[in-house]
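Same chain, two partners: subunit A is paired with subunit B first, then with subunit C.
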Partner chain A sequence: MFGADRVHAHEQPAGLFASQEETRYSNRMPRVTEETVEHVARLARLSLSEEERRVFTRQLEEILDYAESIQNLDTTGIDPMSHAGLPGVLRDDTPHDGLDQESVLAVAPDASEGLFRVPRIIQ
Partner chain B sequence: MRDWKAIRARYEPVIGLEVHAQLKTATKIFCACPNRFGDEPNTHVCPVCLGLPGSLPVLSRQAVSLAMRAALATHCTIQTTSIFARKNYFYPDLPKGYQISQYERPLATEGYVEIPANEGFRRIRVQRIHIEEDAGKLLHEGFAWSNDKSGIDFNRTGVPLIEIVTAPDIRTSEEAHEYLAALRATLVYAEVSDGNMEEGSLRCDANVSVRRSGEAALGTRTEIKNLNSIRNVARAIEHEISRQVALIESGGDVVQETRLWNADRGETVSMRSKEEAHDYRYFPEPDLPPLLVDPEWIESARRSLPELPSDRRRRFIEHYGIPAYDAGVLTLSREVADYFEEAARASGNPKAASNWVMTDVLRKLKEDTRPLSACPVSPGRLTEMICLIDDGVISGKIAKDVFEKMWSTGAPAGMIVECEELTQVTDASAIEAVIAEIVGAHADQVAVYRNGKKAALGWFVGQVMRKTQGKANPRLVNELLRKALDG
Partner chain C sequence: MTDLWRLNAREISEKVRKREVSAVEVMRAHLSRIEKLEPRIDAFLHVNEHALSRARSIDSAVSRGSVDLPLAGVPAAIKDVLHVANMPTTCASKILRNYVPPFTATCVARLERAGAIILGKTNMDEFAMGSSTENSGYKPTRNPWSAAHVPGGSSGGSAAAVAAQMAPIALGTDTGGSIRQPAAFCGVVGIKPTYGRVSRYGLVAFASSLDQAGPFARTVQDAAVVLAAISGRDDHDATSVERRFPDAHAETDGDARGLRVGVPWEFLKRGVDAGVMTSFREALDQLQACGALLRDVSLPHLAHAVATYYIVATAEASSNLARYDGVRYGRRAEGATDLDQMYGETRDRGFGAEVKRRIILGTFVLSSGYYDAYYLRAQKVRALIRRDFEAAFESCDVIATPTTPSPAFKIGEKTDDPLKMYLEDVFTVPANLAGLPGLSIPCGLSAGLPVGLQLMSRWFDESMLLRAGHAFERLTEHHLRRPPL
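== the complex of A and B ==
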């Protein structure tokens, strides 16, 4: 996993999780606040009711508590693992035709002149 | 305003560049769709690059090989394990809602690119090179519906990219220009990328801040985007430095933000985006296992590298004895370097070859907006001409005319010299006859010369050259004139 202590400075993801430092010294402070949930919901383009926000805040906190039990394991000398399974299969650089334009655009909510169309996104 | 130059000189700009280069693979990075530019929109797409549910990415071996070549060519250390990560954001050119990139563990770290600096070279450090996928292309103009809709072409989605990030080592817009020229030459030599900024196969973002000279802490930086030529990168940086200095001088603060370069207006403008746009919530890409490269693969990538521009430049300086500046210009493009080297070797006169390529061949190509591949004068033809000069058959002055004729007709130098009777006059008696005639007709000038104004010799040389249509051998003319005048 990407341990919080290993995230580089320049695009540090703003905190769904409290840093290790905080976890260590203020165990009883809630790590997920309603503001955190609101922030994450906005990034995911979700609009939550007040009730939903309260429920998710509590649930996310519980998930972190549950995960916390794993933190107590002694992992000295064990390499961090981000993926299960074997190293990947790589693909040869041989092109194949994909889908035809007509069937691709058939799944678009809006299309014209071979292009997908969306509401204008710059002024 | 007070003396702007003096004010500006009190600040030190700190610049870092992020360059995205499209890799020259036949297929996209995670699917077998063709990686091709300029075709009908949405004709090179499939469930993977469209991000349709249930599809899974499979990494292209060739994309990794090319990325490793770029890393080795910039003296980076290749990490035997690197990890793909999801960069999450919503934008219509990104069908999955995330870009597959690398974050904490990029493919390569800690290299450098050499740029010319007074007398020698200076290293601009490369912090990291990582692999990622390109996004689709948005079209905002040119359609009847463009005032309220944007079009999307997903042919570019999933084209393999590398991002090359420098340390904040660059101090002037000229250095930024040099770095980009050197990096582009390196990527093109190594056949990693086309390096075409206008077509977008090479793209650059610039991070710019200023601080008072002598201060250690960095100022607040801005990121400039939309830089589509090396020249515009330099112009945009120059403008942004001035903007930041003026802002600080007037008591303001630089705000950390993304700014867009407007080439028509010659200025950067704030891109008022949502404050949270940079919260990408990176996490490891669960659909792709770690990328492992073994030492043999790295070695074979290293062996596949040709001689790189910086090495070639050094060799040109040492082996051919040409100036560092000339060697730099000649090695910016592999084709130009090959052209020069062929003429230098065949003629045995590298300095002449360098001069002719630098001042005549490159100038004519620029005038005609032709690529070197369509050059009417081959290195062999140029060699013939240089040999005619070196053998004393034609003068350097006549050679300029011969070169023009070679360019327009494609004929060899020897044939032009013969047909136009341009052969240099090296027959002493013929030149003496002309001299006698001129000396006889200009007793006044002869008197000037004999009264000690030795500079008048030049006037006589000019007369003789005019009389012989420039064909007289200048060395011989000087010698014989002195003899005639000094008596």
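== the complex of A and C ==
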């Protein structure tokens, strides 16, 4: 696995002045359990089978192990980069027609009287 | 002429505008080519049944004197992640089976305005997540050079269609290499434009800070014409900007004299296939022979690009894919008695394994207790990677790497090991993280399979890529090789 070798070649020690938060995380190895995966799946509204839960637990652990390399980088004073573009240019605030209701509702799994219909929420 | 499918886009457009051939004849040639080869390649998910009638209207527009159509009558294959009104968009996912969008993506509309005709929608990895097109919820696509090998991904159908001459041009999308990697595997040209160059309106979102649509073609000049047609500001996408090319043809007229080519040798030391490395070194020699100057550049944080990418991209994906809840569009699992069960079963049955894996990973790195250690930290490393590029471009005009560490792999070879699949993207993800433009161009064969040369340039400096790519094509014959079909 070529990537892993290269990562080690470029590992940098955590900076002397790394923030407390960074030091705290840099020595911590996540251990993904099936419970973690189950919890995260619930947050993401995914019902997983037992088999899926088992396989994903092992694979997530492997992927996060690989991603541990970034924990040792010194990022002191670096601002997070949230997007790659130039600052967004907003369009003029003038009203214009969007998609019409009929064509939007036409692609819904269940629509009625101009509304999306879902299973009963309040008993 | 019976072999109209052999023509490049520029040749087709010129002949159609001069009325030497009709758009209808061109379309017929491509449709019969698809009929002949599609059973072997499986590049398409949908073929446009109105393509011929659209060709007729191009012919009549030309006969009425419309000459301002740089892509007059040129058939174009569209990755099934871009909307074309009244044609299905599935993103190769079962959750969108039979979904027909009520609007057209801006880049597709612009392609049509330039005279192109939509041939159909091409196969891909589900929601553009994958590097082999094996994650399609419908079928795998085969590499035109070898049926046992993948075409790359996620835009594998578009790359295979262009390589097999079923379409002269195609659109794909590139979030971490999804245009450049399949272009390399199939031996065609692919461009990932600068983030903001092409509107993402009508592009089904995977990772919004990384996604960008771009062209596939068999020559750099064809890719340039397509890129010029689809670029520019669109009020429907606040990240898009107006940086049009003055003239797509002029952009590719230069040579490579004085071009400073940076090579990050430290990054290429290990893990690159010997055949790929031989082709890459030859390509550098050829660039040097036509006047380019080689420089060693340092990009120390690139070693962390794959890890950074898979944190950032999955985090954004987990948020973007929350919309598939079976309420407003797509398929809903039947028989649920309450809302939570309906959501859970709709998503469990509708999404394939890779999409679920990425949603789980993305939700994990954003979840309470892990956000700072993973997501926030990855965003900071992303800034370090961008800074590396800024420094490197002080001393060079383009940066060259192989597009991929190895040529196309076998179907089934990496499906059980997601991490191994992710490492395929090691040379392509840096451009997405930094927002840079990247070009992949054929530069040889390794064991009979195509090898790609990747060039990256400064933000919005696609002209430099086109100039370098075209100079390379004029010196070599790699782009003239066709798969044995």
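The working rule: the second predicted complex is superposed on the first by the 93 of 123 C-alpha atoms of A that agree within 3 Å, B and C clash if a C-alpha of one lies under 4 Å from a C-alpha of the other, contacts with A are read in each partner's own complex, and residues count from 1 in each chain.
Everything below uses one rule, namely that a contact is a pair of C-beta atoms (placed from the backbone, for glycine too) under 8 Å apart; a residue touches a chain by one contact, two chains touch by 3 or more.
Predicted model, so just to flag it, every value in this text is computed and none were measured.
Chemist: Using the touch definition from the top, say if A:S112 reaches subunit B (first), subunit C (second), both or neither.
Modeler: In the superposition, A:S112 touches subunit B alone.
Chemist: Identify the partner contact of A:T94: answer first if only subunit B is touched, second if only subunit C is, both if each is, neither if none is.
Modeler: A:T94: touches subunit B, not subunit C.
Chemist: Quick check on the superposed pair: does A:I121 touch subunit B, subunit C, both, or neither? Answer first, second, both or neither.
Modeler: Both subunit B and subunit C are touched by A:I121.
Chemist: When the two structures are overlaid on chain A, which partner does A:I63 contact: first (subunit B), second (subunit C), both, or neither?
Modeler: After superposing on A, A:I63 lies in contact with subunit C but is clear of subunit B.
Chemist: Looking only at contacts as defined up top, I'd like to know whether subunit B or subunit C touches more of subunit A.
Modeler: More residues of subunit A are touched by C.
Chemist: Could you tell me which stretches of subunit A are touched by subunit B in one complex and by subunit C in the other?
Modeler: Touching subunit B and subunit C on subunit A: residues 1-2, 6-7, 40, 43, 45, 82-83, 85-86, 88-91, 99, 104, 110, 116, 118-121.
Chemist: Quick check on the complex: what are the subunit B residues that touch subunit A?
Modeler: Residues 25-27, 31-35, 40-47, 49-50, 58-64, 83, 85, 88, 90-92, 103-104, 138-140, 143, 145-154, 276, 278-284, 286, 288-292.
Chemist: Please output the residues of subunit A touching subunit B within their complex, sorted ascending.
Modeler: 1-2, 6-8, 11, 13-14, 16, 39-40, 42-43, 45, 82-83, 85-96, 98-101, 104-105, 110, 112-122
Chemist: Residue numbers of subunit C touching subunit A in their complex, please.
Modeler: 99-103, 195-196, 208-210, 233, 235, 238-239, 241, 267, 269-272, 300-301, 303-304, 306-308, 310-311, 318, 322, 325-332, 336-345, 347-348, 351, 353, 356-357, 359-361, 363-364, 367, 370, 372-374, 376-384, 386, 405, 418-420, 422-423, 426, 432-435
Chemist: Residues of subunit A touching subunit C in their complex?
Modeler: Its residues touching subunit C are 1-3, 5-7, 9-10, 21-22, 25, 28, 30, 32, 36-37, 40-41, 43-49, 52, 56, 59-60, 62-63, 66-67, 69-71, 73, 75, 78-86, 88-91, 99, 103-104, 106-110, 116, 118-121.
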